[in-house]
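Working notes for the structure below.
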Amino acid sequence: MSRTQGSWIFTAQCPSRIGTVDVVTRFLREENCYITELNSFDDKESLGFVIRVEFRPEQSGFDAEGFLQRFAPRAAGFAMQFELTAPDARMPVVIMVSKSDHCLNDLLYRYRTGQLAIDIRAIISNHPDLEPLAQWHKLPYYHFPITAETRAEQEDQVSQVIQDTGAELVVLARYMQVLSAEMCEKLSGKAINIHHSLLPGFKGARPYHQAYDKGVKLVGATAHYINNDLDEGPIIAQGVEPVTHTHYPEDLIEKGRDIECLTLARAVSYHIERRVFLQKGKTVVFAS
Amino acid sequence: MSRTQGSWIFTAQCPSRIGTVDVVTRFLREENCYITELNSFDDKESLGFVIRVEFRPEQSGFDAEGFLQRFAPRAAGFAMQFELTAPDARMPVVIMVSKSDHCLNDLLYRYRTGQLAIDIRAIISNHPDLEPLAQWHKLPYYHFPITAETRAEQEDQVSQVIQDTGAELVVLARYMQVLSAEMCEKLSGKAINIHHSLLPGFKGARPYHQAYDKGVKLVGATAHYINNDLDEGPIIAQGVEPVTHTHYPEDLIEKGRDIECLTLARAVSYHIERRVFLQKGKTVVFAS
Amino acid sequence: MSRTQGSWIFTAQCPSRIGTVDVVTRFLREENCYITELNSFDDKESLGFVIRVEFRPEQSGFDAEGFLQRFAPRAAGFAMQFELTAPDARMPVVIMVSKSDHCLNDLLYRYRTGQLAIDIRAIISNHPDLEPLAQWHKLPYYHFPITAETRAEQEDQVSQVIQDTGAELVVLARYMQVLSAEMCEKLSGKAINIHHSLLPGFKGARPYHQAYDKGVKLVGATAHYINNDLDEGPIIAQGVEPVTHTHYPEDLIEKGRDIECLTLARAVSYHIERRVFLQKGKTVVFAS
Amino acid sequence: MSRTQGSWIFTAQCPSRIGTVDVVTRFLREENCYITELNSFDDKESLGFVIRVEFRPEQSGFDAEGFLQRFAPRAAGFAMQFELTAPDARMPVVIMVSKSDHCLNDLLYRYRTGQLAIDIRAIISNHPDLEPLAQWHKLPYYHFPITAETRAEQEDQVSQVIQDTGAELVVLARYMQVLSAEMCEKLSGKAINIHHSLLPGFKGARPYHQAYDKGVKLVGATAHYINNDLDEGPIIAQGVEPVTHTHYPEDLIEKGRDIECLTLARAVSYHIERRVFLQKGKTVVFAS
């Protein structure tokens, strides 16, 4: 959210070693780049290092490709993976939904107003219900029904759209189907799901009903990268809302919608602003 | 939010006196009404009493008019004002906006999905910008421009729409014009405004810029009934969000949108569920 | 917290039936009692009714015993259990601890300053460490060590103290021993435990380490009545705190202390103010 | 809170200029220092740069003095002020109080358990009431009464204690006297006050009564550095708590205590962990 207008973002990660910060900052100095914000973290548990820098080139005519080429040999010595994101970058995204429209509606609003720097290439659903919403925003809508027998084919259709559109991120905005292990593998680190509970509490189906039965005084939502273990992927963001005895399951469902929207939007925004790093099944998030 | 499906709502208020609860509950018993939730409060400062009851008639064919007529003489002895709200009531509402669409978009979503039991009769704006949004929801949109010279006439136009549509509530969803004292008087207790600060901090114009200059670590929003003192009406709901030094005014504006939407929606929902009572410039809110 | 100075509290619960509110409020009217606050709830799931009334007698020389005797026959018709709490009541309490002192310290502070209307009769621990803290507050401290072999005897000692002191509430303020099923049964509804996670997430041992391993972005605490299923008793209050990747398990432990203290204190305060009702394994809480 | 065990902290600030990060990180690399966490921010409004680094020397026998001497000439070119904090540093602190003990009690608890790495050298009060608390913690307590006539003398006494004890931080833990402009000047940036409202709302006396009169739905607390403008110093941390119509001023006072304690403790912890930087009347806080 608070990314400085017009700034480039440089991110990198590698195994922990002395000199990791210096190799980045020294290079940026040599390239005459003005650092406006820098965050780095070296995790003593996972022994991994991550860094995120916002900067602006001091000269006009910044040569991004040259920048990356010149940094590559330095990175090699640290087995460092790195990425450069332009100020005007808009990440190509595919959104997957079922029948619930609250998260989709929220994402579309943020997309339409430019709050989220994403380029929605397609909306995919196993139901036809949300097509009018897509149409109003002039976005392609793919209705790929799914049955027990056609799951594999349907996933092929989904994969095809993701590939054809060049999507770099898939957002599961209350897509109520379990993906195959294969699909999860393929989308690992590139797909964000919203689960309507405070994971690891209330995994699986009907979490609000589970929460009601348990009599909790807080309900929440969890945005996480998907992996091949249901509702177990690395957590990016969590939100929470107080509830009382007056809230029956249908009230929890209603009350939970806002926190689902907010939590998913925050996770997507962190992802596209390159604030999130995957580290051995968990995330480092330089939140804003 | 958590109003029991199918329940009637009875609300009343009067000066503090012994017997106020009993006069209500005894009557409900006699009328064979089953109380599912009851909240009452007797304010020792303002010396006012308020009560809110959710109930369901035990017999079919509930005669609302007769109910009210039979209660009237009992209420008279307490100078009690009272109201009965049907399970399927949808309050007629007019929404006023300027150019910002986030609160309007949020209200329209909740309206369209039935989360807010309102019947939007018209959207009024001093700008034409938000007409397409109204159209998509098939709602009448009135564009009444305003200048220093035409303020009085414009307010007449607004009043006319409110009157013609039979609106019982006016929601100022980021309407950026100061209403005349006359208009405020007319709408007293019937119009809810959202101000983008934690009142009484940062009244008036550009509160996020004020907040930035002051270096606060929390920003917020306040939903309140309007009265004739700018940003001083009785507060219904307030929301808050942490911020940091990385948030410039434009970031605060962006970050504040969510909390504005949520706070306004909560206030409107409390109002239409008859959870809010006005008491000498303040509110009693039986929140859910 | 916000109990009106000098008010009596009347609470009752019974199976759902028409007339439950009326039988209470009519009686209070006849007894010339002035109701300052009333909350009732009729749970459509558990089919149970609860009511809590704060009132002040209009005449001096209120006869509590007579009040209860006169209400008894009316209650009988509803199978209603009821209780009257005097304005100056201080519930006799026993606190159980192990080595961690943060919750104890917090409770003692609230006790010493009168914020919590409790009368601490004894502090029991399986360790000697916290005796000085008890001494400074001039409170008896019982050190009952525990081993696998002596668990039953130790629980007898604990039970004896509870009985001798006339404690009506036992607060497990980070008592790190699992109670026997027998003991849990005996203390059912009369003992509040604080668990350092958002139950049902992270039950059992070392919840902050579990939370760290899972990479959650929120940690929390849960205050609940004990029952014979570990960490499964009815929840009274829950609190939550955001955390980040920079928090190692020892940081979570430290960060969690505040939310544990606050959550436990809130639950105890709700309990002694008779705001909590047990309903089929869950609670109704008229929070303040 | 989440400072890595055994790490040194290096902090610096200077006017914005290219190369500010590099001059620090290059030096740390040359000194063979392993960076575990780094945060920097360059404020486009105040045109100031701040950096905070946690690191551990790779060799044993780290020579702090030599480190600082060798960095000085490099810093000079940037007009950079810098500071090095040892892993076992405990900042010498004087706490000032009046009669309310909740913040003092809270700070003493965190001090006693080592949560706050401070060395409390003295407690100063204009009242004798809190001496027993100080005694239990074996801390010197100075009772310096104050009257309109003796304000200047009393402040001299206070200044003398601060000087004699070598205190680097003064914590005003609900000290209910306005300091003279002279005293404020002297303590600028070295004294943290807790004000029991969400500044800039409800400045001055009896903020909870002001909040009650206004009917707000949230109350809060603000920890800030003092300056010579009453309740206007740079804000470090703010906390907030929801309230309702049932809370009379005395309830707000009681409810507010927790949030005051937490907010003050957080601000002090941020200060001693060198997470706070003063920038033209505002703060940069690298929160944990």
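Note that the chains take the letters A, B, C and D in the order they are written out, and that residue 1 is the start of every chain.
FYI, contacts are C-beta pairs under 8 Å (C-beta built on N, C-alpha and C of every residue); 3 or more make two chains touch, one makes a residue touch a chain.
On a predicted model such as this, the values are computed, not experimentally measured, just so you know.
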Open item on the list: For chain B and chain D, which third chains touch each of them?
Closed with: A, C
- [ ] Taking each chain's centre as the mean of its C-alpha atoms, give the chain farthest from chain C.
- [x] A
Open item on the list: Quick check: more C-beta contact pairs at A-B or at A-D?
Closed with: A-D
- [ ] Pick same or different for copies chain C and chain D, depending on whether their interface residues overlap by over half.
- [x] same
- [ ] Can you check how far apart chain A and chain D are, centre to centre, with Cα atoms defining each centre and the answer in Å?
- [x] 36
Task: Shared-contact residues (touching 2 or more other chains) in chain C - done: 4, 37, 41, 44, 244, 246, 248
Task: chain B contact footprint on chain C (complex, rising order) - done: 4, 18-22, 25-26, 28-29, 32, 34-42, 44, 58
TODO: Spell out the part of chain D that touches chain C in their complex, as residue ranges.
DONE: 1-2, 4-5, 37, 101-102, 105, 109, 113, 115, 136, 244, 246-248, 250-251, 254-255, 257-258, 262, 288
Open item on the list: Show me the residue ranges of chain B that touch chain D in the complex, using the header's touch definition.
Closed with: 41, 43-45, 198-202, 214-218, 220, 234-238, 240, 244-246, 248, 279, 281-285, 287
